[in-house]
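Chain nomenclature is as follows: A, B, C and D, assigned in order of appearance, with residue numbering initiated at 1 for each chain independently.
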Amino acid sequence: MKVSIVGVTGYSGLELLRYLRQHPFVEIVSIHSHSMNKKSLEVINPHLKQLISLPLEVIDPKKIMQKSELVLLATPSGVAKELALPFIEADFPVIDLSGDFRLKNPGSYEKWYGSTAPPMESVKKFDYGLAEYRENPKSKWIANPGCYATAAELSLAPLLKDGKIELDSIIIDAKSGISGAGKSLSQTTHFSEAHDNMTLYKMNSHQHIPEIMEQLNKWQPNLSAIQFSTSLIPVTRGIFLTAYAKSTEPISDEKLVQLYQNHFEKNSFIRIQEAGHYPALKQVIGSNYCDMGLAYNPKTNCITIVCVIDNLGKGAAGQAVQNLNIFAGYDERCGLDQIPIYP
Amino acid sequence: MKVSIVGVTGYSGLELLRYLRQHPFVEIVSIHSHSMNKKSLEVINPHLKQLISLPLEVIDPKKIMQKSELVLLATPSGVAKELALPFIEADFPVIDLSGDFRLKNPGSYEKWYGSTAPPMESVKKFDYGLAEYRENPKSKWIANPGCYATAAELSLAPLLKDGKIELDSIIIDAKSGISGAGKSLSQTTHFSEAHDNMTLYKMNSHQHIPEIMEQLNKWQPNLSAIQFSTSLIPVTRGIFLTAYAKSTEPISDEKLVQLYQNHFEKNSFIRIQEAGHYPALKQVIGSNYCDMGLAYNPKTNCITIVCVIDNLGKGAAGQAVQNLNIFAGYDERCGLDQIPIYP
Amino acid sequence: MKVSIVGVTGYSGLELLRYLRQHPFVEIVSIHSHSMNKKSLEVINPHLKQLISLPLEVIDPKKIMQKSELVLLATPSGVAKELALPFIEADFPVIDLSGDFRLKNPGSYEKWYGSTAPPMESVKKFDYGLAEYRENPKSKWIANPGCYATAAELSLAPLLKDGKIELDSIIIDAKSGISGAGKSLSQTTHFSEAHDNMTLYKMNSHQHIPEIMEQLNKWQPNLSAIQFSTSLIPVTRGIFLTAYAKSTEPISDEKLVQLYQNHFEKNSFIRIQEAGHYPALKQVIGSNYCDMGLAYNPKTNCITIVCVIDNLGKGAAGQAVQNLNIFAGYDERCGLDQIPIYP
Amino acid sequence: MKVSIVGVTGYSGLELLRYLRQHPFVEIVSIHSHSMNKKSLEVINPHLKQLISLPLEVIDPKKIMQKSELVLLATPSGVAKELALPFIEADFPVIDLSGDFRLKNPGSYEKWYGSTAPPMESVKKFDYGLAEYRENPKSKWIANPGCYATAAELSLAPLLKDGKIELDSIIIDAKSGISGAGKSLSQTTHFSEAHDNMTLYKMNSHQHIPEIMEQLNKWQPNLSAIQFSTSLIPVTRGIFLTAYAKSTEPISDEKLVQLYQNHFEKNSFIRIQEAGHYPALKQVIGSNYCDMGLAYNPKTNCITIVCVIDNLGKGAAGQAVQNLNIFAGYDERCGLDQIPIYP
């Protein structure tokens, strides 16, 4: 399959390059950048020297559709909502890594993203791309999930689907590496401010909240709200998410682990730790894995789920490649079957 | 006041030196180490070169009591429970920074620390040293609180004392810098493992849980359990604690801030952020400050408290100096009145 | 002495606040910012909450001179060259932390800073503020040295003054923490780029080269050039400088150490390590110390000097306070006599 | 080709797994550990969960030689010198990643490693495995070079071979990430000591000095010594090496770049930056690349070479795989052809 990548100089775009270059059935035929198209990719990103010989091109949908069979949009939220339209009109496959086509509830995009939503008829065409729970796996249009959303949804899926937790008790304390904020410069991501630091941001207002709610409501329509916090930790990559919920009945660590292992047994990229073991952030970096550990506290009747992903892997480019594989009918591990980088 | 420091080469011991050397009314007359007493302090810790001229001495309680008026024990848990006894017998003031004299409930020490408790008659003599809530400020024997415990207790004090939260809903997600694990070498604190990493440890079993429960029960005897998680983040210093609890009634961010500001208005080291602002870890490093931010989420009825301290400051040596000041009748800011180090 | 600080929200300005607030003989009477003057200092820098009650003011030289007895300019290079002029004209004391008044050779500023030099009659009035080697200690106008320059000059002073090294053999490999690049945002100082990274920048073109040369030439007029490299390491604070030079004759480590100890024996802030010991960067952080270690290699006839400073301490604000003390006739340690923060 | 890995739980051993698992022509048939053989690899290293199904076995040369066609020894220096002997006696291929078989000069091993050397007849059988300069590419026994040595030798090869530099002027200032010190615990590699720090260690006494000298002398027998410093920077992976030497005649940056590009034009893993550009450490992490930048300073007549490698990649496991490819007659890029992980 011939593919084009738009927004290739951003962190998710670079990670798409890294995964797709070693994909056995995919050929990258063109790469595009909004802002950098006159520069040499090797000069902007010397780690690619001698590895990518394609030139950086301007974004011309017609040309892309002539050369290519699918386009991956790794542009920031707010860009794809216009960029994707000519492709959709031409019935051309799109995987969008931004938040622009994820929210199906009318008014939700405007409220949480603070700008005009894309046309609802386009939004409806997109299948939400949580790879383990795709509704329409053959959809030509895939809205790749957010990084926090991926970790939150996978953490809660087995418990919510099986009705194991009190619906008003869910608390998610999520921590992200700084690359989640992208390449744009800001005070928050300035080294001297972010290093040796930790901050909570977007208190009760992160745009992944409605995304998570839409997905969780598919599994539990009665769920009305989640408490969801996002903070930054001084690592480049990774999401470390801790979720808490009251159990509907006493349960053991072993049974929880069993529940999750059963639930995900056909999913190559979900690895459930044995009872008493909890994943470290670093064990998934550079990969598409999502590792989880589970505990039940009989004193508080509380279940704790610890979930780690690479925000640029399972949280962005890795899952996009997984979704591409599902769409194309390849084994979902194609291009993604490497050992995480450790230490 | 003449003081001696035992365990001076550990991280809390070094921090006691840093604060007490600039204390206007305290003179350090001797320093002692369990393991290092034949070495030169300057060679072990070259940052002290030309600043501390005292020799490292063995621990001889008699000699200490001859020279000194108070002893600070900065030894690991399990050491002070024997070391403190001759001082107590001689009616000599002790501030212990370890966990050995904090737990008053019989059986609790054995259960959570996994070794024999110190004699209960000695334990009872110690006043729990949460400086803002001392029960017996003139006590000669002070059990300085744990780092996590300090942050957890200060975060919940106003809400619990005023009966503002559902007692079965408290969830504390605490993150600590690696210096909290001390100077002892371990796989977990090996740079290549800890750097770029985050891990949850001692799931539902951290020894600060009973300590926090004892203190919270003073304020709310009906509280029966808290959900309390501890994790390591890749910074040297600092605790970043996020606490969640269901509100008994709707409240605004502003009223929450007001409640905390009123509650702590006489406490120099507690700084409450304005509504909509949350503290960054780094803003308290190198100091005895405890900074907090507050939010109420009407959708989940959940209150979030963000609390940051320096684990070696307010979480250990800083609070020990504050307790010394309270004991001696000095202004509680003596020796502690510096600007945190930033950036 | 009443002082004003201009550029107080930059990293050097904040560090001036930290040192001067605890200076026994200095009162900060006003603080000023180029860009932030309408904001609250506490909101921009919450670590200062309840510690600094002064408002941020615009820069009005007349008002400053009415209230104050000395002004510290902690503005970026290129700003002070105009800002300082009214103070100089009014015969009012200025300590400038930027590079604007350091270079005395005509044409040098234009060449290395790439903009118009300040008037040479003003430049000449400034004494170069390397505190251990002040030419005119009573000067009202002090050009505080650059961070790299401070470390480089102190490293080579004893050898050059005593004629111990081959003049064409000096190589300086200097590494700096990221705060040296200040608060301005850039790709280089973006966390995801700077973390886990190291880069060499301004190859053979750093603006501290002419500054170092001017100072070294005072001690050795025949010296014609130095090889000087600057690189960034992923720490917030600190300069780690390694200097190499061929010895004019064989020497031992012990004699080198003795030479340096003798040379600096009256300088409180220079600490020479014993033979066989070399300073770690961290042992000076948060302080005005400059620590050095020395070695001679008989196989290469090469002397190695390892020198560490805090770029915001001895490399900026600390040395500025030291120079203020020299100017005012105070003990040079006033306000600077704390233990470095470790770990 | 069927291979076995001994010392698989060390950092180089893990990296061998990562590269070889995706090698098109290599099958890992057994993995072995000195100390961990009764444990599960997945429990010790959860990043490998579901990726490596082989059990950890004790080291039994006979069994290894039955199953396998080549053994990789990723054990610490001092272990391989005995472990390798039965394989050598049986004429079985060995790639040793330690320092045990690198030094050919009699007495050198004892002097620099401080223990008994392996038998010289065994040492002589080993070809020094600097992949770009192999003397005996078909040798069954390969002594894979040290990480510092690899970077130092590649940096100087073109200049030394072409006689472009003064032989008594070479100074190498090398910085390494902490994983270079391996998994063994030490004060130096304790997070709270290593983080935010930089230290110079083994001043003029690093065991890679004789290794580098032996290799450089092959190219320039008259070279008698190099000045070589090693320091630790707070990153997990990577070597950043800056080498300096006096040029025999004036040269331009462009000509230097041309010289290196010509010299390495057939070497896939050496990437020479354009004139005026210098590599950042991060651009080679996770890969076998060695990137270099060059500059000439007419004022000092000094050439500067900046060289970056991943110490676990080109500095250890990557180069071992490259050497395996050379031995087996595969394309040298097999198993190594991935994009470095960035950011």
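Brief remarks follow.
Throughout what follows, contacts are C-beta pairs under 8 Å (C-beta built on N, C-alpha and C of every residue); 3 or more make two chains touch, one makes a residue touch a chain.
Everything numeric here is computed off the predicted structure, so don't read it as measured data.
Counting the residue numbers that touch the partner chain, chain C and chain D have more than half of them in common. Looking at A-C and A-D, the interface holding more C-beta pairs in contact is that of A-D. Annotation: 38 Å between the Cα-based centres of chain C and chain D. With centres taken as mean Cα positions, chain C sits 45 Å from chain A. Measuring from the averaged C-alpha position of chain A to that of chain D gives a distance of 36 Å. Residue positions of chain A touching 2 or more other chains: 11, 179, 192, 196, 234-237, 280, 282, 343. Residue ranges of chain C in contact with chain D, taken from their complex: 168-169, 171, 173, 175, 192-193, 196-201, 203-204, 224-227, 229, 231, 233-238, 240, 242, 244, 276, 278, 280-282, 285, 293, 295, 297, 299-300, 302, 304, 306, 308, 343.
Taken together, the chain A residues at the contact with chain D in this complex read 11, 14, 17-18, 21-22, 43, 45-52, 179, 196, 236-237, 268, 271, 273-274, 277, 279-280, 282-284, 286-287, 291, 337-343. For chain A in complex with chain C, the touching residues are 11, 178-179, 183, 185-187, 189-192, 194-196, 234-236.
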